[in-house]
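Written below as structure tokens is the structure these notes are about.
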Amino acid sequence: MTALLSIDGVTKRFGGVAALRAVSFELAEGEILGVIGPNGAGKTTLLNCISGVARPDAGSITFDGHEIGHQRPHRIARLGVGRTFQIVKPFASMTVRENAAVGALFGASRLPLAGAFAAADEVLELVGMADKASQPVVSLTIPDRKRLEVARALATRPRLLLLDEVMAGLNSVEVDEALDMVRAVHRSGVTIVLIEHVMRVIVGVCRRVVVLHFGEMLADGTPDEVLRDPRVIEAYLGEKYAKRLQEAERDG
Amino acid sequence: MQLFLQQVVLGLLIGGIYVAVALGFSLVWGILNIVNLAHGALVIAGAYLTWLLFAHAHVDPFLSLPIVAVALFAFGYALQRVLINRVIRAPLFFTLLLTFGVNLMIVNALLVLFKSDFRSVTPSYSGSGFGVAGVQVPYVRLAALGVAAALAAAVGWLLNRTRTGSAIQAVAADRDAARLVGVDLRHVYALTFAVAAACAGVAGGLISTIQAITPTAGEPYTLQAFVVVVLGGLGRVGATVVGGLVFGLVETLGQTMVPGLGAGWANAIAFALLVVVLVVRPQGLMGRRP
Amino acid sequence: MQARLNGGRLRRLLLIVFGLAVVLVLLAPLTATDQADSLGLPQLVDRSQIRILTTVAMFVVMASGWNLVGGLTGYGSFGNVAFFGLGAYTCAVAVDVHRLHLPMGAGIALAPLVPALFAALVGLPLLRLRGHYFAIATLGTAVAVGEVVKNVDYLGGATGLFPPILHRADLLFLYLMVGAAMLAVIVSGLILRSRFGYGLIAIRENEEAASVIGVNTTAYKVGAFAVAAALTGLAGGIFAVWNSFINQDLGFSLDFNIQMILMAVLGGAGTLFGPVLGVIVLEFLLQNLAGRGDVAVYAQIGLGLLLAVTVIFVPRGIVDFFGGASRLSLAHLRRALRETGA
């Protein structure tokens, strides 16, 4: 089966620093892929390259058979890629419903006005914001703003959804709710790439995880495999701890 | 060859004026993120004050510069504190509108006070100069260049070697952090604007010695200051110096070297240059990449 | 329940009154015609008042045009007067006996085209700039275009152009300008309730988010710029033949430039009727100031003061006092009407 998303040797430099170094992996339709790594590993840059916000210096990105590495963001959105931002970017002077409706007006959806509002209602239902539809954005809490961000991206009818640290800043209960939302989105047929720091989420919802470190891919496997990988542990916790862990395991 | 040298010298001399004009403008833009459309009005106000002192009290224009500086400093402080500070957190466009309104008020107040007759400040040494290698160097313009250099040095010293300067730079770098360490934001804002107004006033004093002034003569200076800052790059005094001198050279050489390009095209050249720089290299010649 | 009905009812009442007032004001000048005389109707308006009405209509076009780019899209242009001037000159050249020698209708029809083309061309590089840079770059462009025009003989050079004078045509020009004003408001209204309008607002609110949800930001911005240019150019074209004279100072007047911005902002940038309200209020103020002595200077000081007051105390515009929600789209207005009608 051909991959939905194919990243091949993607490199991105900012000044002298390589944020991404020859990153390659493939993503099949229907997967939920987790992307983890220490801060500065290049995770958001990866999302930026896929969504067209940044342009890779080398390598290619293919989505659904289309080469999107050098396309502008709106083209990529129209092909069916949606994304959220780590620091949410709502349309502040619009209501919740209008924010979602704008998503439905554009992207891969491109509904006419009337249909867009109906689609907005559907999407808000899915993320659990239906009761707040006519509220102005400024009155929303952080978790709700994140939901709105997801709703707006969903309204564009993406086949691939890129979520950038949707759980950041949420407390335990909110994380559970957000997890349910992610599962619901996945069930509706959307392939998901999830950047996260909260391991509970990665383990809970991803069947495959990719680890980035200093722009390079360190590991690619199930959450279990990846989290036991000594190189990954070293990257996150440092050489000393990794050694100690190894010794502990050897000693039983 | 001699003509060319003459033009280069003149270009640098006028460039000095542009540096003086742009210093304050750059300061307000860099620190307060305000593009002050009333800057030219402050310049011309300084020019009128110099003229007043010269015409009625017979004070040499260069000697009255400190007085003008103090007067404009006070005015600038009050202006910022009372009016401009109210829109400092508003969208950029509102600050543009407000400063434009202030510009209208100052220029027309000057029109009411002084009418639109042209005035000039002509001390005894006005027309003379000295020659060096066949190039004529007018005294007044050379002195103006000297003052401009001193002004740039003073502002640089203020920003980099005084506590006040550190406070100002802190506010520019991170407003909230500065506030947390005890910097009085409103005072720093007003102080910065006051220093900028003082610079504008001094620039105006210099200008009054080299051209005839009328209340509306300040308008081109705002736009020229903008070009200088864009050309040199926002942020450091050095960048403004470079921008001002380059602009002076380009303007003088352009006007005399290219046939058919009279004074009428000066503005058009300036703005063509501006738009090109903004689109091609927005950080200016010396600015840091955004 | 009672309170909402009253609020909505009041708004509906105000709208109806406003609408009637507008209709009356627009029909009143007809009493100055010969036909009205022969019917024995008293003349309700005189020539100078017709001039004022025509000016008001002209500014409605310009403020609405600016509103599309500055209010809706969030790109505060300081150079829209360039479009006015280009439209005026296009028409003047078109009708000039020694140049294209076309009928007036053709001149006016051509007036929107040149500015729109210009906007599409310069918009591409200019609209890549933001905030201050965009504002000053557009200002610079307007000044530069004005200067170029002044130096070209075919465009009348420093003297300007003199379209043929039409006698007893006050009413013709009034209704032409009013027609343009209605066109401007209708176009704005259509845009506000369309995908295009929502896309523009999205660009204003957060351009990066807009682009990743699929808005072609470049095309939309340039499109809004071109529509604004066409409308403003139309006003310029009609102005040229109405005034029977156009030169660089008039066509690229920085006064007109700042006035159209102030009117839109004062009335309510980003709304449908904000610019209209702003024009009416500002023209009313300016006309009343015009009665006193040494006019120009004090009017300018007043203008400056008004700018300061607006920006500090009424940044959202007068329309905000009539219910903030109506800012966003005509849909809200229709909903409000529907609510009260129920």
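Every chain is named by a letter (A, B and C) in the order it is written, and numbering of its residues begins at 1.
Keep in mind that, in the parts below, contacts are C-beta pairs under 8 Å (C-beta built on N, C-alpha and C of every residue); 3 or more make two chains touch, one makes a residue touch a chain.
If you're wondering where the values come from, they're calculated on a predicted model, not measured in any experiment.
Novice: Taking each chain's centre as the average of its Cα atoms, which is closest to the average over all protein Cα atoms shown?
Specialist: C
Novice: Of all chains present, which has the mean Cα position farthest from that of subunit C?
Specialist: A
Novice: Taking each chain's centre as the mean of its CA atoms, how far is subunit A from subunit B in angstrom?
Specialist: Each chain reduced to its C-alpha mean, subunit A and subunit B end up 49 Å apart.
Novice: Could you please state the distance in Å, as a whole number, between where the Cα atoms of subunit B are centred and where those of subunit C are centred?
Specialist: 34
Novice: How many angstrom lie between the centres of subunit A and subunit C, each centre taken as the mean Cα position?
Specialist: The answer is 44 Å.
Novice: Taking the complex as given, what residues does subunit A use to touch subunit C?
Specialist: Interface residues on the subunit A side: 51-53, 72-74, 76-78, 82-83, 85, 89-94, 98, 101-103, 105-110, 112-113, 116, 152-153, 155-156.
Novice: Enumerate the contact residues on subunit C facing subunit B in the complex.
Specialist: 70, 76, 78, 125-126, 128-129, 131-133, 135-137, 139-141, 143-144, 147-148, 150-151, 258, 261-262, 265, 294, 297-298, 300-301, 303-308, 310-312, 315
Novice: Per the contact definition, I'd like the list of subunit C residues that touch subunit A in the complex.
Specialist: Against subunit A, the touching part of subunit C is residues 193-195, 198-199, 201-202, 205-206, 208-209, 211-217, 270, 327-328.
Novice: For the complex, which residues does subunit B have touching subunit C?
Specialist: 29, 35, 83, 86-87, 90, 92-94, 96-98, 100-105, 107-109, 111-112, 223, 226, 230, 264-265, 267-268, 270-272, 274-275, 278-279, 282
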